[in-house]
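In order of appearance the chains are A, B, C and D, and numbering begins at 1 in each one.
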Amino acid sequence: MVVVEQTRVALGTLFPDSHPTAVSSEEDNQGTAPREVGILVTDPAKHGHHIDVLCRPDQVVAVARIMDGEGYFLESISGVDWPDRQQFEIIYDYNRLGGEHCRVMVRTLMDRNQPVVPTITEVFPAADWHERETFDFYGIHFQDHPNLIRILLPEDADFYPLRKDYMP
Amino acid sequence: METSMWHALLYLVGIMAFAGVNAAWLGWCERKGAARIQRRIGPCEAGFAGLLQPLADGLKLLSKQLLVPQGVDGIIFRVAPVLAMIPAITSMAVIPFSENIGARAMELSVLLLFALASIAMIAILLGGWASGNKYALISSARAVSQNLAYEIPMLLTVITVVMISGSMNLRDIAIDQQGGFWHWNIFRLENGHFLTMWISFIIFFICAIAETNRAPFDMAEAESELVAGFMTEYGSMGFGLFMMGEYLNIVVGACLTAVLFLGGWDCPFGLTPGIWWFLLKIYILIFTFIWIRWTYPRTQIYRLLNLSWKILIPFSLANLMVTAALIKVF
Amino acid sequence: MTVPVSPRHDETFVLNLGPQHPATHGVLRVKLTMDGEYIVKAEPVLGYIHRMHEKLAEASTFAQFMPNTARMDYLHALAFNHGWALVVEKAAGIEVPERAEYIRVITVELNRIASHLLWWAAFLLDLGGFTPLLYAFDDREKIIDLLERITGSRLTYCYMRFGGVYNDIDDEFIKGTRDFIKRLRGRMPRLYHDLVTHNIILIKRIKDIGIISAEQCRRYGATGPVARGSGIDYDVRKHEPYSVYPEFDFDVPVFNEGDSMARYMVRMHEMEQSMRIIEQALDKLPEGPVMAKVPKVLKPGAGYYYSAVETARGSLGHRLVCNGDKNPYKLKLRSPTFSNLSLYGEVAEGMLLADALALMGSLDLVIPEIDR
Amino acid sequence: MSGYWTDIVTGGKSLVTGLAITAREFFKPVVTEQYPWEVPTMTPLFRGHIELIGNEETGAPNCVVCGMCQRACPSVCISLDGKKNEGGKGKVLTSYIIDFTKCSLCGSCVESCNFNALRFSREYNLASFDKNDFIMDLIKRLEEQNRCTR
């Protein structure tokens, strides 16, 4: 648990107001409901990740830099559509290559009508394709991305298939 | 040796038949041999053991449209496959199959063969160039640099043979090696040539593989890199001619190796020499070509050039000097 | 051999490698800007076999998505089965009987050997050696026959179930597996190593070619044999143990060179390790049911779930978001080769065409898995 | 320079070893089968397209039209219909159509069936010029089977 603690402390600098607390597995099940920006230590056996970070979209790059400094690699970026809350969510999964295992889930929520988030390709080149894929499927715009074009769908597609309101 | 009209016709028919049969059925041999090495059956449906397969393939190729894609250099594109076939057939004219069987015993037949082999390379260059395909272009550029690099060690090793035999006539070279395997250039006891000539033989054989663009030196064809190399745009009999040219080049390479190093039509144990020995030798050599192709992965173009310039050329030069010294000493 | 590219880029040309090309083993397209035979810029273009499995998952129930998983990585389909089963079991809190987990491990590892054998065959084909393909297929055929016996299919398995497996294994399977391991061990040194690994042409062809540094792996998120060939000791089976892997004694082969040869050696050694795992699993195989009592309709609680498994190509992750419904709210598949391929552009720069293809072969690409 | 000579010696040795191995394989028997002439044995779990199981005595389908298979199918290729059983309880199957062009042979339908009414057929010679040949009426198929066995 050394690494988990280290990472939590490193990330804590970004959220001076929140007091990260380890939650027991019973209270842990907070579902997908929105919560305060901050850090949550979760039970990996239940969720598969050790730390759950919710940050503002403008903090994404800062989080990525901290994760880079701590020696993490970017595992994946996934978008989630919440039409009833009029929000998009982006989940960044960070993991460690070797050593003690610690997976960090970084989430950020943004307005569904103006989905803009800064890119982290500067920090992790791995994000390049993952961000393009998220753009491809959700139409989330990654600011300053060097090559934000469709990756899996045809270039001339004019739809975002993973939005919940998309019907083929 | 006087040559009447009838003789000329006989030679022509004989050589064409030999070339045609070989070009067609070596394809079958290759497929069957590859299949056995890979523990498959190989062609087996057309005729007994698939022996009619070459006919079926040939008919299929003939019945296809000769497609000339847009943007190619039409004349060169059509000429190149023919050019690949002609030098291989012409080479047959000077090869002595036995003491009395052979179209023409020229004084400079070794030289002629090498000149013709270079034309085969030009056919690949033209075919690749005229196709207007990027893969074909890369392939032809590779073929040229490869053939240039391999002709040097090949000629150097042939010079050793020429020095030993004192002739550039293939027939004379073969006659010089008669009387059992200890007279053959590769094992020649006389003057202690066996010390170096086996190295010459290996160098020559490697060069022959490279000259005929066979695996592991099939840089020009490299199907997993260049799709089909210079043949990418060819279909129908254009492709067929390139394939037949390739097999005929193998036959010529094997014949040359047999004559230069393995005593031509001589029997290894001093028994009656004859054409059967010659054929046996060249088919063993051809089998080795096939065997090598289906054993090794392909090498890389700069490794291939490295092999030629750093290993084969120094070794053949050293061999040349040692041979010259041996001849001088004894 | 990497030669610095000349600054004269005005004489470059664009070579479209694919979508139909013998070396891409599928419909990958790489846009190569070439200077002669040197690559100035390589840009993979994806999506030619994209099927939107993630949307399909949202439209189907948890169980209905199981057949889809096998259609992504058709070479290591059982690991994809396993990954999907694990993440749903994690979300729904299903306990799996021990025997089922053992059977899962045995079949997944058999499938891993089959996948590596096919990679080996295809890699040699990329390098122009045709014969090894047939030898590897001979061995792979035995595995496929074994798996067909218990799963009912030969390639796109749908064998795992939430809470167990579809079918119990029988004595004939166990005997066949033991025989196969004995046979592969017997054939390995001669037909695989003497014929190919020690062959000077192959060594010269892939040694020091396509060097990927450990830092590059981390920045691009490369996992699996690619990372292990670059000296990163990372294997999900050891690092983040799942299923019954902690009960087995096996090593994670790591090579530090980072070249194509290192990745080659990692996979060759992994086959041996997989065989060790299978042998131990067969020895320890407990008795019992192969299927837990599971409700017909699964409704996992709302929340975020992540589960990773080690496939033959690297770490496969499922990021699952549930909202308490009977189908997944969101499923993101983190496929290993998607990340592994993303470093191709950087590494291939300045390489010769033939070397770049050797590098591509050593990454072990399965295109349907990249495009999903 | 030492690398140069070791390369030549070990390299040459590895090449000769390679040739020896392929030569040995050359003389070993073939391992492939010539398919139409030799048919491999089918495993008991072979998955062909599905078919209905008839009652052993009457030959009527075991199906009770519960629709579990239809619901389990991920690719929506099963459509079945039934009517009320006159003079008995439950339902009788009137039509069972499977669109084999959509089927991915996952077997979810067979597994979901609680009434021993579905199984995999052992049909593998499926080829046709017409797509409609793969929209199969399984009741008709069962009737034909009944005619053959009785």
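Observations on the structure shown:
Quick note on the criterion: contacts are C-beta pairs under 8 Å (C-beta built on N, C-alpha and C of every residue); 3 or more make two chains touch, one makes a residue touch a chain.
Keep in mind that what you see is a predicted model, and the values were worked out from it rather than measured.
Listed here as common contacts of chain A and chain B: C. Here the largest set of C-beta contact pairs joins the chains A-C. The most distant chain from chain B is A, comparing centres defined as mean Cα coordinates.
Chain B and chain C have CA centres that are 43 Å apart.
For the pair chain B and chain D, the distance between mean C-alpha positions equals 50 Å. Annotation: 25 Å between the Cα-based centres of chain C and chain D.
Among the residues of chain A, none is found touching two or more other chains.
The residues of chain D that reach two or more other chains are 15, 18, 21-22, 25, 31, listed in rising order. Shared contact sites, meaning residues of chain C that touch two or more other chains, fall at 131, 135, 138, 195, 199, 201. Looking at which chains touch one another, you get A-C, B-C, B-D, C-D. Taken in their complex, chain C has these residues touching chain A: 46-47, 50, 52, 54-55, 58, 87, 90, 217-221, 223, 227, 232-234, 239-240, 301-308, 315, 317, 319, 321-324, 329-330, 332, 334, 338-339, 342-343, 346, 371-372. Within the complex, the chain C residues that touch chain D are 60, 63-68, 71, 131, 135, 138, 145, 148-153, 156, 158, 166-167, 190-191, 194-195, 198-201. Chain contact summary for the complex, chain D toward chain C: residues 7, 10-12, 14-15, 17-18, 21-22, 25, 31, 43-47, 72-74, 104-108, 111, 120.
The residues of chain B lying in touch with chain C in their complex are 34, 37-40, 134-135, 138, 141-142, 215-216, 218, 222-225, 227, 294-303. Listing the residues of chain C that touch chain B in their complex gives 1, 13, 15, 21-23, 37, 124-131, 133-135, 138, 195-196, 199, 201-202, 204-205, 352-355, 357.
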